[in-house]
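By written order: A, B, C, D, E and F. Residues from 1 in each chain.
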Amino acid sequence: MQVAVYPGSFDPITKGHLEIIRRTSKICGRLIVAVVDNPNKEALFTLEERLEMIKHSVEDLDNVEIDIFKGLLINYVKEKQVRIIVKGLRAVSDFEYEFQMALMNKSICGEIETLFMMTSPEYSFLSSSMVKEVVLLGGRVDDFVTPFVHRKIIEKIGNGG
Amino acid sequence: MQVAVYPGSFDPITKGHLEIIRRTSKICGRLIVAVVDNPNKEALFTLEERLEMIKHSVEDLDNVEIDIFKGLLINYVKEKQVRIIVKGLRAVSDFEYEFQMALMNKSICGEIETLFMMTSPEYSFLSSSMVKEVVLLGGRVDDFVTPFVHRKIIEKIGNGG
Amino acid sequence: MQVAVYPGSFDPITKGHLEIIRRTSKICGRLIVAVVDNPNKEALFTLEERLEMIKHSVEDLDNVEIDIFKGLLINYVKEKQVRIIVKGLRAVSDFEYEFQMALMNKSICGEIETLFMMTSPEYSFLSSSMVKEVVLLGGRVDDFVTPFVHRKIIEKIGNGG
Amino acid sequence: MQVAVYPGSFDPITKGHLEIIRRTSKICGRLIVAVVDNPNKEALFTLEERLEMIKHSVEDLDNVEIDIFKGLLINYVKEKQVRIIVKGLRAVSDFEYEFQMALMNKSICGEIETLFMMTSPEYSFLSSSMVKEVVLLGGRVDDFVTPFVHRKIIEKIGNGG
Amino acid sequence: MQVAVYPGSFDPITKGHLEIIRRTSKICGRLIVAVVDNPNKEALFTLEERLEMIKHSVEDLDNVEIDIFKGLLINYVKEKQVRIIVKGLRAVSDFEYEFQMALMNKSICGEIETLFMMTSPEYSFLSSSMVKEVVLLGGRVDDFVTPFVHRKIIEKIGNGG
Amino acid sequence: MQVAVYPGSFDPITKGHLEIIRRTSKICGRLIVAVVDNPNKEALFTLEERLEMIKHSVEDLDNVEIDIFKGLLINYVKEKQVRIIVKGLRAVSDFEYEFQMALMNKSICGEIETLFMMTSPEYSFLSSSMVKEVVLLGGRVDDFVTPFVHRKIIEKIGNGG
């Protein structure tokens, strides 16, 4: 596994994402965290803010780089001449969706493999949308994101508690 | 289980909700049916109408009271100094979502437990949104809600059939 | 199984739908492909376009006819005096939703049965919404739909590749 | 659906089996309840006893007949020149196993279709093995089987309560 | 929830069981850990050894007592005049099995409720049989059981590492 | 991914196993197919026969080697100083079991990662035990295994059909 792509919206990056990035970076030569730029999908943070938060979170990892992609993930991966997509699985519902995506991607480009890693149990409930929902309802999320991301969330929405 | 909270939107209350309320009220000292007041989430019935329908449905249950909460459920439960949240489970998809919510709540406040009860099989397909969908498409729902709620639905949308 | 109804949005019809139609048409006397006309649900293709694509895809099947329904499927099926609804199952998530729909339909009209068929594994990831998503993101979908439907998609959105 | 096969061990036949048989018999011309004769699989009741209990349970259904098969179900169905296998689905675990069996059967003989029917919710927990387990542990099962089958179970193991 | 029963084989008791016992003991008046005495089911530890390990693990919990039951759980709970059974849920497969058991129990005795609690994520993979499998294959299990239970396992099978 | 281990019983190796081996061998430096030697688990083929069938199936793959392990997989992988275990996922039931195994392995040795690959849909129903069951019931399995393995099965049990 020389090069792998870890794609996502990262709106914002959570400790669950970070755990997958750290574990993957140890078993591959180079890991590209690929942030989707989808103007049709509403996001809490701008693309720049999301990139900044990821950069801050992975700056100690030498073989991790950050990139942006538009359009179909499989096309981006093909252009990059990468062979491996890495995804985290938390639960059965993830599994089904990712199963279908992996099969469709395999059917579009048979050369590219999607490899799945089980999220650590302590992050099995964690997602960017849960973090945002909790914040918007007035809850604290400092256990679920890094202090830097936490500050950015407070700047954005409030709820420093 | 002295006091328990049964939270929901109840838009409107169905026989499935009522079954969980009745069964829970028999094994706890006091049960608070907690209706979420979320102005961002579109509802068919106003908060007042939802409260009225619940009140009418549980008036024979002495130890059941009705309340309203805003924001994060776990914060509301903590303020009320209640230790137990009760939820009904109908199917695997419920299970996964509720599992994640229970873990997140546990992570936010370790003192509060979520207890799950299996919905009776005859209501395993029933949800407020299914009731609304069926009514809007011209179907009858008198088997799924109480006669009082049924009248309220007809007043609201029609379809008395 | 003299007459059966295969309902759906078919926006657009995929090879997965076609496989269910072909297999079902071999074991029943007459199969009605029933396209839902739901003005509240946004569709990529107009009702007429969807009908045209289905008609083109099944024209070699003598015992398959195409119809339109409004409102609740179960009411349409009852009016048609048909006893059987046919649905394809791809995955556990389908199963749960369809289970609930079948139980609700059974509870509304006990005379009508829903029969399920497993989608062929090579189409287990395929859905109209996946096709549309791939096209909108710049991917090719010629393996997932017939050439006629592919042309219609290109006329509509582009991406002839 | 002129002829269909409903296969199983029926050790013993439960009200869940009977419900599928009754519902299927109404939508097909002829239904063959096919009891597997597998000397390698331990059963509580002999093949003759199982046949007797089924016969007694379906004697009012004119288009239902009972048969025995050995070996692979798909071979039996092919020899009988039947095109349809009917199975009941109770839960996700059934779904996965039956999905795999249906795909394997389809791969062995593409002409034969397996159609699935959702078990009524009140029997969604019911299986022959649960019935036997409950009886062996001293519980009552008269709600889960017909009175005739109940008597046979008592003759066999006891527990008339 | 004045009195609740937490049933199981506890062969041996794991940290996953203990977590459910501790959490439940905090929200109920009295908790009975009920160990099944099933001579037909092969166990690694004798009933006495299993009781000893539980006793040692819960001795600091004043409102937890230990009992033995034979036959059907629901009959035992009824005789004890308890209304609540508590079970831990780890995963979807647990959910389905426990769902069916809860429905069957409800159908046998409508007065008794089964309440489910989600196992902490760090024990979501843990079961007595996994512990035994790991030990028999030469692995260490000191993270999964208490030191006392660990010693008992080593006395029984070896593998002190 | 320099070196990876693909563990299993391979009793016998199926086309589903082979597909995972081929796909994995293309994205890693070296792949070790590790056959478990478990005298307590009954197998149709001896260890030597299983090794021979694997060897014959992968002889064109330069970077694939075959090995035997006893005891706990995680211990074997650690001794080999490998960091990656590869597993195929076919369905939700696989997912749950493998999820629990991966978490337990991670808990025993945090350095070793399990990566999952989705089995191709056309093999999603295939397992060694299904192959054996079909053969024993008199069915043909030449589509599910290589011709060489097929001959070995016929030599062992018969059913050349």
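Rule of thumb we're sticking to: a residue touches a chain if its C-beta (ideal position, glycine included) is under 8 Å from a C-beta of that chain, and two chains touch if they have at least 3 such contacts.
Note that this is a predicted model, so its numbers are computed, not measured.
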Chain-contact steps, minimal, separating chain D from chain C: 1
Chain copies touching (chain D, chain E) - same or different residues, decided at half shared: different
Far-end chain from chain A, centres as C-alpha averages: D
Chain located farthest away, centre of chain F as origin (C-alpha): B
Repeat of interface A-C, chosen from C-D, B-C or B-D - more than half of residue-number contact pairs shared: B-C
Rounded Å distance, chain A centre to chain B centre (Cα mean): 34
Whole-Å separation of chain centres (CA-atom averages), chain A against chain E: 38
Chain A: positions in contact with at least two other chains: 92-93, 96, 99, 103, 121, 124-125
Interchain pairs in contact, sorted by label: A-B, A-C, A-E, A-F, B-C, B-D, B-E, C-D, C-F, D-E, D-F, E-F
Contacting residues of chain C [partner chain D, same complex]: 1-2, 23, 26-28, 83-84, 89, 92, 95-96, 99, 102-103, 106, 113-118, 120-121
In the complex, chain E residues that touch chain D: 71-72, 74-75, 92-93, 96-97, 99-101, 103-104, 107-108
Contact footprint of chain E on chain D as seen in their complex: 90-93, 124-127, 130, 134, 137-140, 143-144
Touching residues (chain side chain E, partner chain A) in the complex: 92, 120-122, 124-125
